[in-house]
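The following pair of complexes shares a single chain, subunit A, combined with subunit B in the former and subunit C in the latter.
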Partner chain A sequence: MICYLKYFKTELINGLQYRTAAFAGIITQIVWGFINTMIYVSFYSHTNNVDSISLSQLVTYVWLNQAFLILIYMKSFDSEIMDKIKNGTVAYELCRPYNLYTWWYIKSIAKKYSAVILRFLPIIILGLVLPKPFNMGLPNSIYSFILFILTLLLGSILLVSIIMIIHIIGFFTNEDKGISSIIIIISNFLSGSTLPVPLLPNIVQKITEYLPFRLISDLPFRIYSGNISINYALQSIVLQIIWIIILITFGILIMRKVLNKVCIQGG
Partner chain B sequence: MSFITVQNLNKTFKILERDPGLINAIKALFRKDYKIVKAVQDISFNIDEGEIVAYIGPNGAGKSTTIKMLCGILNPDSGNILINGLNPFENRVKYVSSIGVVFGQKSQLWWDIPVSDSFELLKSIYKIPKDEYIKTKEELVKLLNIGDLLNTPVRQLSLGQRMRCEIAASLLHNPKILFLDEPTIGLDAVSKVAVRNFIKEINKKKNVTIILTSHDMSDIEALTNRIIVIGNGKKLYDGSLSNIKKKFSDHKKLEILYSGLKKKPKINNVNVIENKRNYVLYDVDMKKNTISDIVEKYSKVCEINDINVLNENMDDIIIKLYEEYNL
Partner chain C sequence: MKLFFNYMSVQLKIRMQYKVSFILSLISQLLHLIIELVVLDTLFDKFELFTEYNKYELYINFSIIYLCYSLAQFLGRGFDKMSNLISNGSFDLLLVRPRNILLQIAGTDINFDKISRLVASIIMIVYSINMIDCKFNFIRIFTLFSIIIGGFILFLSLFIIGASMCFKTIQGIELVNIFTDGIRDLSRYPITIYNKIVKIIFTFIIPLTLINYYPLEYVYGRTNNMLYLILPYIAWLFIIPALLIFKTGLKAYKSSGS
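Our next item is the complex of A and B:
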C-alpha cells in the first residue's frame, strides 16, 4: 500500500513540473470558455423556452468544464503507458512485485490530478470576476459545494476506470487509437463535455441515464449550481460508486486475461 | 534438486503475416493469416545457486523469450519452471521479489526523475527495510561509481552511466537471481569492463546466481565458463566454454617476420593470408600442420626476426558453432 501512495506522490510531483503545457492549457481553456459563454448568452437572449437549465447555471457549467477539463475529459490518455506497451518496457513492470492494474491506475490518475492542480485556479478566478452574464456563479449552497467536490472526485475515479479498460485493450491489440477514438466521441458527447446534458434532445438525455458518462462531469457541475437537487445528488453518488465498482472489476478481469496471453514487443 | 530447474519448456507465438501491396492489405482486412513461430522448443536445463551461466544464440533464437519466461513475464505453453521452489508465472508477485532484471535495450528507471528518486521508489516497491536499503545502496554506489549521477534525471545520463544505474537498481533489493539481457549492448570499452568486473564481484560476494545473454563473446569469456547455446528455439549445447573452444579452435594464425630469405620453403596444406617482403601470415589448420613444423622449415632457410601465433577469437568460434548447427 505504501508503495502505491509513494508512487502517486512521485507521479504527482513529476507532473507538476510541466508549467509551459499548463500555461498553454489555461489559455486554450479560457478562449474556449469565452466562445461557449458568448454563444449561450446570445442563444438565451433570443429564446425563453429553455427551462431545464438557466443561463447563469449554464455559464457556470461552462467555466467549471473548462477549469476541470483534464480531470473529466475523455482524452489525454497516458501515452506513456501505451508507449511502454509498444516498445516492450512493460516487461520491467511485470518484473515488479506490484499489481499492474493498480500501478497503471495510479499513474493515470496522478497525471490528471497534477495537470488539473496547475490549471484550474486561474480559470475559476477569471470566471468569478467576469461581468454578468458571462461570469461563473458561486455554489448554490455549502452542501452543494461539498457534494460537488465529492462527485467530481468520484467522477475522475470513474473516468480513469474507463481509461484503464482502453489501456488494457491496447495491451491486447498493441494499438489504442482505434478503440480510444470511438470511446472519446461517445464519452464526451454523453458526459456533457461537448454540450451540457440538459441541452441534449430528450431521447439522448434518457440514454445518458443508463450510462456512466454523465456521472463524470455533468453531475458535479449541475450539483454546484443547484440544477440538481441534493436528494438526487445523493442518489447519484450511490450510482457513481456502483459504476466504479463494475468498471474496475471488469478492468481487473480483462487485465488478468490479457496477462495470460501477453507478448512482449521488441528484443 | 537444483536451484533453477527448467523442463521441456515450449512457447509459440502467432505472428500476423501479410504479403506486401495494396491488394493484399485490403485482403488482410477480411482474412488474417497467422504464422506460428516456435520461439522455444523443448528446452531443459538446471542451474545451481551461485552459478553464472551465459545464454547465447543468434538474433531471434529464443533467448529473450526464455529469459522472459524465467522472469515470470510470459506464460509458457507447456513445460515446467521451478526456481527457488516457485513457479515464476503462477507466483509472479512473490517470485519477482527475489529476482533482479536488466534488459539492456530498455530502461527501468523513471525517465523524468533523478536516479535517487527512482531508487527510493524501488525501495518502497520491494519493501526494503531502511537500514538494509542504505547499506546496499552505499555499497552499489561505491562499486559502480555512480555517486555523482544520483541527482541527475535519467534522461540526461549517457548510455554507460545509465546502464550502471540500471544494474544498481536491479540489485537494491538483494535479489538471489540476476537476469542480464544484453547488459553491455552499446557500451564503450571502459564501461563494458566496469560492468563485467561488477558482475563478477557481486556474484562472488553475495552468491547471486546470474543468467546473462550477450552477443559480445568477450563478455562471456570474461564472466563464465558455462554456456547454453540456443538456436531456432532449440537447445544445442550446454556445457563448458573451453570444450567448445577446443573443439572448434583448430585454426591458428601464424605470423613470421624474417630476413635473408633466398627461396621460400614449401609448406603443404596451409593458407597464405598475406605475403609481403620479409613477412608472411598463414592460416594454419592444426589437424594437418603444426606451428613448430612451419617455423622449423623457415629457420633452416632464413633468419627469423619475430613470430606471432594468434588464436582464433571467440566470435569466429561461435560462428563455426552456429554453422555446424545450420543456424
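Our next item is the complex of A and C:
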C-alpha cells in the first residue's frame, strides 16, 4: 500500500514538471472556450425557448469543461502505457512484484491530476472575470459546490476505470487505434464532451441515463450551475460509486484473463 | 505528380498491412462525421432554427467544409506532423533530395483513414442537393467544384502555415491546431448566425465566407449577382501568403539533427 502511495506521489511530482506543455494547453483551452461560448451565445441570441439549460449555465459548463478537460476527456489516455505495450517493455513491468492493474491505474490518474493542477486555475479565473454573456457563473450554492468537487473526483476515478479497460484491450490487440478510437468517440459523445447532455436529442438522453459516461463530467458541471437538484445529485453519487465498483472489477477480471494469454511484443 | 502517386501507393501498402486496424479506423472516422451531423441537427432542432434555415442547405454547407477539411487532412497530413520530421532530423534528408520540398513533406504521411470521411461527405452533398429544389445547370456545378477546391486550398494553406511555425519552434505547437480545428468547428454553422466581428474575420482575414457563404447563395439561386461566382477563386489565392511564410521559414531553418 505504501509503495503504491509513494508511486502516486512520484508520478504526480513528475507530471508537475511539464509546465511549458501546460502553458500551451491553457492557451488552447481558452481559445476553445471562446469558440464554444461564441457559438452558444449566437444560438441563444436567436431563440430563448430552450428550457433544459440556460445560457449562463451552458457557458459555465463550457468553461468548466475547458478547465478540467484532461480530468474528464477520454482522448487523453496514457500513450506511455500504450508504447510500453507496443514495444514490449511491458515485460519488465510484469516481472515486478506489484499488481499491474493498480500500478497502471495510479500512473494514469496521477498524470491526469498533475496536468489538471497546472491548468485549471488560470482558465477558471479568466472565465469568472469575462464580461457578461461570456462569463462563467459562481456555484449555485455552497452545497452544490461541495457536491461538484466530490462528483468531479469520483468522475475522474470512473473515467480512469474506463480508460483502464481500453488499455487492457490495447494490451490484448496490440494496437491503440481501431477499437479504442471507436470507444473513445462514442463515450465522448455520450458523456457530453461533444455537446452537453441537456442539448442532446431526447432518445440519446434516455440512453445516457443507463450508461456511466454522463457521470464523468456532465453530472458535476450541471451540479455546479444548479441545473441538477441537490437531491438528484446525492442519488447520482451512489450511482457513480456503483459504476466505479463494476468497472474496476470488470477491469481486474479481464486483466487477469489477458495476462494468462498475453503474447509480449519483441524478444 | 508521378512521384506523389508513388508516395501514395507506398503509404497505402503500409496501411494495408494492418487490415483490421485500418477498417476500424475507417469506421471510427465515419462515426465522427455522423456524430457531427447529429450535433448540427439537434442544435438547430432544439433552438428551432429550422424555420429560418433550410435543413438540407445546412447539410450541404457543413458537408462541403467537412469534405475540404478531410481532403486537406488526407493529402496534407505530412505538414501536420512536420515537428516530428524536424525534431528527429529527417527533414534534412528531404532537403538534399532534388525534388520539390512541399511535395516530399506531404508524401511522408498520407492519411488513408480519411477516405471514409471523404466518401461519406460526398454522399451527403449529393443527397442533400437532390433534396433541395433548385435546378442545377453547368455554372452551378462548376461553382460547387471551385468552392470545394477553394476550401481544400484554404485548409491546406493553414496546415502549411502551421508547418512553417515548426521551423522556429521545432516542437509541434497545439496552437496551430486551434486555428484549423477551430475554423472547422465555427464554420459548421451558417455564418449568418454569428455577430459582425466573426463575419469580418472570416471574410477578410481568413477567406472562409468566400467559399462557404457567398457563392453558395448563388448556387441555391437566392441571388443572381455574378460577382459571387468569382469569390471562390479569390480564396484560392490564400495559398500565396502561405507559401511565402513557408519560404521565409525555410530560409531561417537550422538543422536539429546531427
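By definition in this document, the second predicted complex is superposed on the first by the 267 of 267 C-alpha atoms of A that agree within 3 Å, B and C clash if a C-alpha of one lies under 4 Å from a C-alpha of the other, contacts with A are read in each partner's own complex, and residues count from 1 in each chain.
Simple rule for what comes next: a contact is a pair of C-beta atoms (placed from the backbone, for glycine too) under 8 Å apart; a residue touches a chain by one contact, two chains touch by 3 or more.
Computed from a prediction, not measured in an experiment: that's the story for all the values here.
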Partners on subunit A (subunit B, subunit C) - clash or fit: fit
Partner chain in contact with A:L121 - subunit B first, subunit C second, else both or neither: neither
Angle at the Cα centre of subunit A, taken between the Cα centres of subunit B and subunit C once the superposition is applied, in steps of 10 degrees: 90
Touched partner set for A:G25, first subunit B, second subunit C, both or neither: second
Which of subunit B and subunit C A:G88 touches, first, second, both or neither: first
Subunit B versus subunit C as contact partner of A:T194, first or second or both or neither: second
Contacts of A:L253 with subunit B and subunit C, given as first, second, both or neither: neither
First (subunit B), second (subunit C), both or neither touched by A:I185: second
Partner chain(s) touched by A:I146 [first = subunit B, second = subunit C, both, neither]: neither
Closest approach of subunit C to subunit B (Cα atoms, Å): 6
Shared subunit A contacts, counted only where both subunit B and subunit C touch the same residue: none
In the complex with subunit B, residue positions of subunit A that touch it: 2-3, 6-7, 10, 14, 17, 87-89, 91-92, 94-99, 259-264, 266-267
Contact footprint of subunit C on subunit A as seen in their complex: 24-25, 27-28, 31-32, 35, 38-39, 42-44, 46-47, 49-50, 52, 175, 177-179, 181-182, 185-186, 189, 194-195, 199-201, 204
Subunit B residues touching subunit A - in the complex, by the definition given at the top: 13, 64, 68, 71-75, 92-94, 96-97, 99, 101, 103, 105-108, 110, 112-113, 117, 120-121, 124-127, 181-182
Contacting residues of subunit C [partner subunit A, same complex]: 18, 20-21, 24-25, 27-28, 31-32, 35, 38-39, 41-43, 45-49, 52, 173-175, 177-178, 182, 185-186, 189, 193-195, 198
